[in-house]
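Dropping the structures in below, format is structure tokens.
In what comes next, subunit A is part of two complexes: it sits with subunit B in the first one and with subunit C in the second one.
This part shows the complex of A and B:
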């Protein structure tokens, strides 16, 4: 049981880092951004180029990656999503197209070989007899810090109030003098920045390659939908539920460990059949973020 | 007067030019070419090496005078094309058909993924084109046995089918188990079997369950992660808890780097052995940040003196490309030489005649002392003959940044004494990971 709890928490933390940014941009800008994990991939490659190929310090590379990817996210929003934001399906399709475009550009530049980037924290620790890499614990800690940071931003700052106002009702927010377009742009930038942080935290755990955006996208979508679209807290809880589901599958069915993704998504399907708004879609209605 | 001088000057220029041109050596007449279509997934290291190996062989053959057919010297030309087989089998099959119909190649070489090879086998059969492939699914040679007239154009070069690959993998496990017994005093080592969930690994389950106990090992569990798994820390935690002394893994997908890297990061106290497709590549050490140290893996290549060709091939390859040759490199390097010999014996480029001559192949290649093909009538015809003196495969181990050959090590292979004494020059002893030795000695 200890190994399921420990590994489940760690897996959940990794997924939560990715889910939070996705949930934020949907909640505010109403964009189902399928390129969210592509931003995470771009950040991972950028860190690879800076650290492994160019010898830059790791922390500097991470900071540059966050800035660069935020800019890329904002550009994508201004050039593509903002123009068709009233149409959900086209936005989704355009974002998928962008993700594939980024993938192919990276294939052209780097090939399909799997690469590694150094962890921010090397080594491992034993918790209740379970060996956990420090990088995994960092992912878990980061997701908690991000959640607290976002809560503080959204509840205590003027920008946060503006974001919440836009998320609640764009028209009224506009009438009240809030620049809705600017708020959406900033939100997309923050979301892309969060994807870049995920790239820095998660990419050293996995391998860096041009297809690395696909699998996390499925899990991220599942976590967000499970938790309730637009609910950040819900998406974090959804991420942990999926993390535990996957871990339990591995430990209870070793020969079926390839099914861990399918089991997690199966749980999501069952939950949605019972509660189509997601687990916390109603409870956090007034929060909406 | 002026016009006369000009005319005279012009005449002189013409005469001098004619003399120069007349004395110039004749440009050599371009030789006709034998085109070899080379297929590999060029976005991946394993795929690129098909092109590297073929190009190197073709350049060597042409420099040595080409191929003599019916009194005429032919050059060989490698037409290298991206199969994209790792992402799309249909792309690989289409690429093969284009090579035959558009590029008009005389034969096709390459491809690694079994599903792609099966599709290309049909294309080669349709167009009666010689096809020398890699991959490992025995279905390919079973087709030759069942419908020889249609599938006789296909041969497997440079590697072994999964049955023999399985033997080499189990041989590697036996090697590691022997070290566990010797260094840790554990009579019956416990083995965790990790097989990526793909068609080609399914036969390994009954094979492992049947053979490992006979070799004095105990299976403590079988894990089947997805071939595209990006994080296997949960599986590795479970394996550590199972008390396994060894992990026998068989992986070829994106999980290859993840598994070895996370095993080394967590210092799981179990020796890692088995098959890892990317594990013998030059960049694997960097890609795993050196965490693959002490990982054992099966290979069809090793820079040991298997034949007189092996070490010069390795040296030339590393000098030319700056990398160690992978499976694709050796099979694509050997294939033009096999074809050259067959063409010169047959004295024709006709595919049906070439099939007969390729079946008679008996020559050293880059990764074996002798290449012969199992004949029609055998269980799996057109497979490379496996055994001492022929294709054996190798066990390799990463030791402090270098990929060293650790088997054949001179011991009997899976109890077969025919292998006793077989140890190629350059082979070193296998080493258990030090953290594992420390862990089990403290228990």
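This part shows the complex of A and C:
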């Protein structure tokens, strides 16, 4: 039972960081960025290259990875998404194409095998009778710190206010003098950075391989939808619910590891049937462009 | 006999030859039917057969998404259900292919109705996610009950469609042509006799306005789901009998995305778009996969191609070509070849000149030219 709680918290935390990033970009720039978890994968691979292959210290490579992936995210936005931002479906497909491109580049560079990264802090600790690796606790702690930091950024700072304004009503924010394009770019950078942080905390825990972006993408999308589009709080709560659901399925049901995706998504469908806009969904006006 | 030929020739000249899009479609179908007479190379036929199957699959996605605006991210559900139904019926009950394939379509419709029930309450992105979830759930169920469904390895030993590959090819291409024509008639907004196409366009463009005009949007959405599911299931059933092996790869997320990629590449909200997209992209991926270096880069090349086409032709390649070679008359809305100056029915000028000079001289010129 304690195992479920601890593992659920850890995976929920990681999914929360990913979901918040995705939700930010969707709320502000109306881009369904299917390459979000691809950024997470690039960060994990970059850390692998730096630590295992070149021997840099882990913290330095984490910082470099976050910076690099943020830059890559902003470049993708400027080069690809910005040109066709009126058409929503091609933007989504371009992001899928980018994700596949990154996957193939990594396959060409590293091969399809699974890689492992040594943890930042090795060893276990006993909590309530469960052996929890320090790395898991570190992951959980980092995700909570990041979420609190993001909440502070969005609610207290000027940039946060600008982001919330653009997410709320793009035209009026423009009229009020907020540079909408600049805010979008910054948001994409923040979102890619969040994906990179998620990759950094999770890299020592999971196997790193070029197909690792698909499964978290589905859960991220499900968490954002479950929580409701346009609501950061909803994405976080949705992510934790799905994290717990997955962990509970793995530990409690007989064919659990096959069914965990199914159960998590089943919960999402049930919630959507009861509340068609997600748990905390903000109802968007039909934007007639 | 002479009369018959003349009648056919007049129909051909008046209906097909006037619109370049129809000429291209005619040449394409003729090419498809004539290929086995030229060569029966098995790999080429296999690529063309799979392209035909995927063309039905992609077109069925477009019926739902392009025309009613309900983005279906889990179209592989219909394909997988169709494939597994055909496979299971064939293996356990020994039913011949011409029975299992329609039953596969029917089963996919039923599953589509179940999956479509949330669709009536949800909109936009929520709907897309729910549709994404269904094939994943079904995959999980398949893995969880491996005795019934073959688990990861899948079902094998399904019977052939016919004795040799060439007759397989003709049967499948015939089914593809019929399905595509049916889907086109179902969704064509210009048709005077079958009005469902106009209704579907209305539902997509502005559902509230359509409901205010008295269109029963719920019924049309369900109908679109049913048609989409039926043809997706048919495609799956044909796939099962052609490949003789059915596995969970038919329900893959990426396979759902393939339908979307092919359709948007070719041109969304049309039926010839997905067909064009499949027939351009799928042989390209297969050809790249033949040599060893190509195999490494093929998905990367495919992704790059897709990104750049979407950047410059966001409406799809078939639509871009169509807009280059066809133009609509501004007065009577009839489609003409783009090289014409005057509409073929109402003689209105197709291109309005933008000149800075006074209007008088221009009107004089127009008046004399109309006598042609």
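Here is the rule we use: the second predicted complex is superposed on the first by the 278 of 289 C-alpha atoms of A that agree within 3 Å, B and C clash if a C-alpha of one lies under 4 Å from a C-alpha of the other, contacts with A are read in each partner's own complex, and residues count from 1 in each chain.
Keep this in mind: a contact is a pair of C-beta atoms (placed from the backbone, for glycine too) under 8 Å apart; a residue touches a chain by one contact, two chains touch by 3 or more.
Since the model is a prediction, treat every value here as computed from it, not as a measurement.
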With both complexes superposed on chain A, which partner does A:155 reach: first (subunit B), second (subunit C), both or neither?
neither
Does the superposition put A:212 against subunit B (first), subunit C (second), both, or neither?
first
Just subunit B (first), just subunit C (second), both, or neither: which does A:261 touch?
both
Tell me which partner A:93 touches in the superposition: subunit B (first), subunit C (second), both or neither.
second
Can A:101 be said to touch subunit B (first), subunit C (second), both, or neither?
second
Touching A:229, do we find subunit B (first), subunit C (second), both, or neither?
second
So, does A:84 touch the first partner subunit B, the second partner subunit C, both, or neither?
second
So which positions on subunit A get touched by both subunit B and subunit C?
107, 255, 258, 260-261
Complex interface listing, subunit C residues touching subunit A
71, 118, 121-123, 125-126, 129-130, 132-133, 136-137, 139-141, 143-144, 253-254, 257, 260-261, 264, 268, 296-297, 299-300, 302-304, 306-307, 310-311, 314-315
Residue ranges of subunit A in contact with subunit C within the complex
32, 80, 83-84, 87, 89-90, 93-94, 96-98, 100-101, 103-105, 107-108, 214, 218, 221-222, 225, 229, 255, 258-263, 265-266, 268-269, 272-273, 276-278
Per the contact definition, I'd like the list of subunit B residues that touch subunit A in the complex.
41, 43-45, 48, 86, 196-197, 221-231, 233-238, 240-241, 254, 256-258, 261-262, 265-268, 278, 283, 286-289
Under the stated contact criterion, what part of subunit A meets subunit B in this complex?
3, 6-7, 10-11, 14, 52, 107, 111-116, 118, 122-124, 129-133, 136, 205-207, 209, 211-212, 215-216, 246-247, 250-251, 254-258, 260-261
